[in-house]
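Letters are used for the chains, namely A, B and C, taken in the order the chains are written, and counting of residues starts over at 1 for each.
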Amino acid sequence: MSKTNPGRFFEDYTVGEVIEHAVPRTLSGGERALYHALYPARGAFYSSDEFARDCGLHEAPLDDLIAFHTVFGKTVPDISLNAVANLGYAEGRFLKPVHLGDTLTARSEVIGVKQNSNGKTGVVYVRTTGTNQLGEDVLSYVRWVMVRKGKLDAAAPDTVVPELADAVAASDLVVPEGLDFSGYNFAQSGEPHRLGDYEVGEKIDHVDGVTIEEAEHMLATRLWQNTAKVHFDVTNREGGRLIYGGHVISLARALSFNGLANAQIIVGLNAGAHVNPCMAGDTVRAWSEVLDTAETGVDGVGAIRLRLVAHRPEAEPFALRGEDGKYLPGVLLDLDYWALMPL
Amino acid sequence: MSKTNPGRFFEDYTVGEVIEHAVPRTLSGGERALYHALYPARGAFYSSDEFARDCGLHEAPLDDLIAFHTVFGKTVPDISLNAVANLGYAEGRFLKPVHLGDTLTARSEVIGVKQNSNGKTGVVYVRTTGTNQLGEDVLSYVRWVMVRKGKLDAAAPDTVVPELADAVAASDLVVPEGLDFSGYNFAQSGEPHRLGDYEVGEKIDHVDGVTIEEAEHMLATRLWQNTAKVHFDVTNREGGRLIYGGHVISLARALSFNGLANAQIIVGLNAGAHVNPCMAGDTVRAWSEVLDTAETGVDGVGAIRLRLVAHRPEAEPFALRGEDGKYLPGVLLDLDYWALMPL
Amino acid sequence: MSKTNPGRFFEDYTVGEVIEHAVPRTLSGGERALYHALYPARGAFYSSDEFARDCGLHEAPLDDLIAFHTVFGKTVPDISLNAVANLGYAEGRFLKPVHLGDTLTARSEVIGVKQNSNGKTGVVYVRTTGTNQLGEDVLSYVRWVMVRKGKLDAAAPDTVVPELADAVAASDLVVPEGLDFSGYNFAQSGEPHRLGDYEVGEKIDHVDGVTIEEAEHMLATRLWQNTAKVHFDVTNREGGRLIYGGHVISLARALSFNGLANAQIIVGLNAGAHVNPCMAGDTVRAWSEVLDTAETGVDGVGAIRLRLVAHRPEAEPFALRGEDGKYLPGVLLDLDYWALMPL
């Protein structure tokens, strides 16, 4: 029998099953430096040990999305090797900062399956949790993917579609232990705006753009040990290599520094859709919309809920859908997340 | 009002003003590894903890130009976001080695302004200082840039042009504390030549060349958190992305190892001009000219003043200017610096 | 006299001479992160401190091939700057894991010379040893290269062709001190197969492919401080930049995870040939053949001898040579190595 991993097909998932993903990963300053070389990340909290200390931590943790990508990457061989599409995210919560030297593992529980009416594919829902070497959960999120059936005659499973919250409740957001924005240095963070300066409904064009090269997205995707063929092998897919959706998330998030420099720490991932494929040569820009603001129960620490949209120049800032209600072809990503910000 | 940074215009600078630049940055072995992947850097002092120990330090510091790029990058949002051109450098002094774990911040004092006769632009002179987490200055240099006016009818300021030294005096160079070349290992450094083997006026063709790719210069420029649009966004400028001038400095400096392997530690930046734009696809070569040599007051440690010229193959080694006195089109960089070398 | 290194020519090598290579190098988590960004490396032993601890070590060492590339890179200025071709490897043994913070140096003993009948080139055999800062050898291997003569009238030296083993004897393989596979976690390593599951003669197609970009192989090659011009300067060679053979070795080895995830630790390099040039744009795939299996004398630790073949899609998996006995044009690498695997 073949020793290589063919990936799982739709009929291979059973609701309630827990999959322990392989290859734990220890992260270091190397991953951080690469993250900062791959994306124009400038959040002071993740850039400077001193700034993080002024915020109550003993050192700067690794960028929140490094944890996300590392955990996501581990799930690929078990969840999305035969995926047709990554359909959505929900109920994402960042539970604990990840520090240099931490080792992350990941496991996923299958929480829903629904065969499509064409009988050839189905949707699989998993809740994925990342855990550090102390057994502490650092991150948890739901994602659902469309997966091919391996055997078309496999019986359709009972449909289970999990009930998922539209957004993480502000009261469920986890503020990192010890976080204290009372000594927050707005000169060092790069912008003067605090939570009270943003209004729900406010939109911000982040102005800058980055044109993506093949080498960059492949370096990034390999760094997360994400092995999906479509990202690496030009012969695998007509039209060339697809860019890992997470690359666009990190790129857009980094671009959003310009206007949201104090939305320092991602703590919730409410929803997200990769609405059009991104390819090398695309120039990515970003805009944000303030969806909500909240207190966190920790003095001085507020939360801002943001829509983050990544788009090519062909889509204007703030344009999202056409008259038909569909996403415009130039829109790449529609993400909904919570970040911590000084009140 | 917009929350994004539009950058400063010429009329926004006042002589005497001190600008504290945002986003402190902690550096690690990750930045060093990337530096060595981006440039063919081989200086033994920065490559090996053991070699650095044999030279009296407790470990290898980060490459001198990592400090320069990190500090420079911090200044971009405040100094050169609306710059038309980076005109020059002077009075640069490296004051203290930067070690793994150090956090750098940067501040700039405006030391001169001069509106151009066209009324549309002006030259701004700043003295920029990089500081570590202990408040110790690690680097200081003057640069001047041509900046657009935002309001063409803004009154011209009184002209102040700072008096700048043609070169840092050898007596002002700072030798890192504890540096001792008495146990210098010429076999490990890669070349046998000591300061006495070089003559003023001697020219060295460094032979090797490197063809630059888009991904490389963008990785580098982001690593320094330099956000100038022209380097990243192919839609921003006819003709494509410009390469950050500092990328060419580091590339040429690394190439100069071949013939100057013992010019280990940059301690002074006397002058520098990016004389023609560099673009991806360009092959960069380098040659050097010995401008001066000096003692430093520290036993065994000499200083060599070098002109470092980066050029494309279309310019011959040692060719610099045409008959009209202008730099040849194939010349990219004309840099004048001091380095420490065993006597 | 020129201060730059022209490299050595065939007549410059004398059997018995020991060359101490320049530029010691301290390795950190930065090099590891870059290695994992450049290659789809997922071996759990090198990815996770926790996994390595479960295998009896105090932390994850740096990937075995990082040590190889670092040592190899140091030899280039002295051995292969004027090489026409890298002809082969033999008797390679990995003697000690390399850890973060270790500093490597390299030396080579000339063990054979043989002038070619054309009188213009010759073959030089060297045994290269890499050593850490404690003076412990970490790696030793023989390679032979074809080198140009500098002076065609230089007398041909007495021919000395060393007797080289076809393969390292299993009894000569060095198991890292303390290695213990009794707690080996097959769920975390990514595959269930142990040594007993493989049969001599078994072939495995590793399925995945990676299309190489110029920026990637140049980043990698510089990281190892390998300065051979052909890899960097597009004007240096008709047809463009050649990819460093070691880049293909690491790429193929990383791809072989899919089917050989538990062949964790390379301990022997029996033979290797870069049989066709690899260029940017090539898509690299890999297959393996089990050549032998052995016990190591350490409880639970077995050794597997593998042929690893890297190829472009134009060559089918398991195809190696044409009817004429020559390697097929789509084959890039034919490598023969030993790895440690749980019994």
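The criterion applied here is as follows: a residue touches a chain if its C-beta (ideal position, glycine included) is under 8 Å from a C-beta of that chain, and two chains touch if they have at least 3 such contacts.
Not measured: the values here are computed from a predicted model.
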item: Contact graph of the chains (line, ring, star, complete, other); value: complete
item: Interface composition of copies chain B and chain C: same or different, split at half; value: different
item: Angular offset of chain A relative to chain C [C-alpha, multiple of 5 degrees]; value: 120
item: Separation of mean Cα positions, chain C and chain B [Å, integer]; value: 36
item: Overlap residues in chain C, where contacts from two or more other chains coincide; value: 28-31, 33-34, 100, 213-216, 219
item: Chain C to chain B touching residues, read off their complex; value: 2-5, 20, 22-26, 28-31, 33-34, 77, 100-101, 103, 105, 133, 213-216, 218-220, 222-223, 225, 227, 229, 232-236, 241
item: Chain A - residues contacting chain B, complex; value: 28-34, 36-40, 42, 44, 47-51, 60, 100, 187-191, 193, 197-198, 204-211, 213-216, 219, 258-261, 283, 313
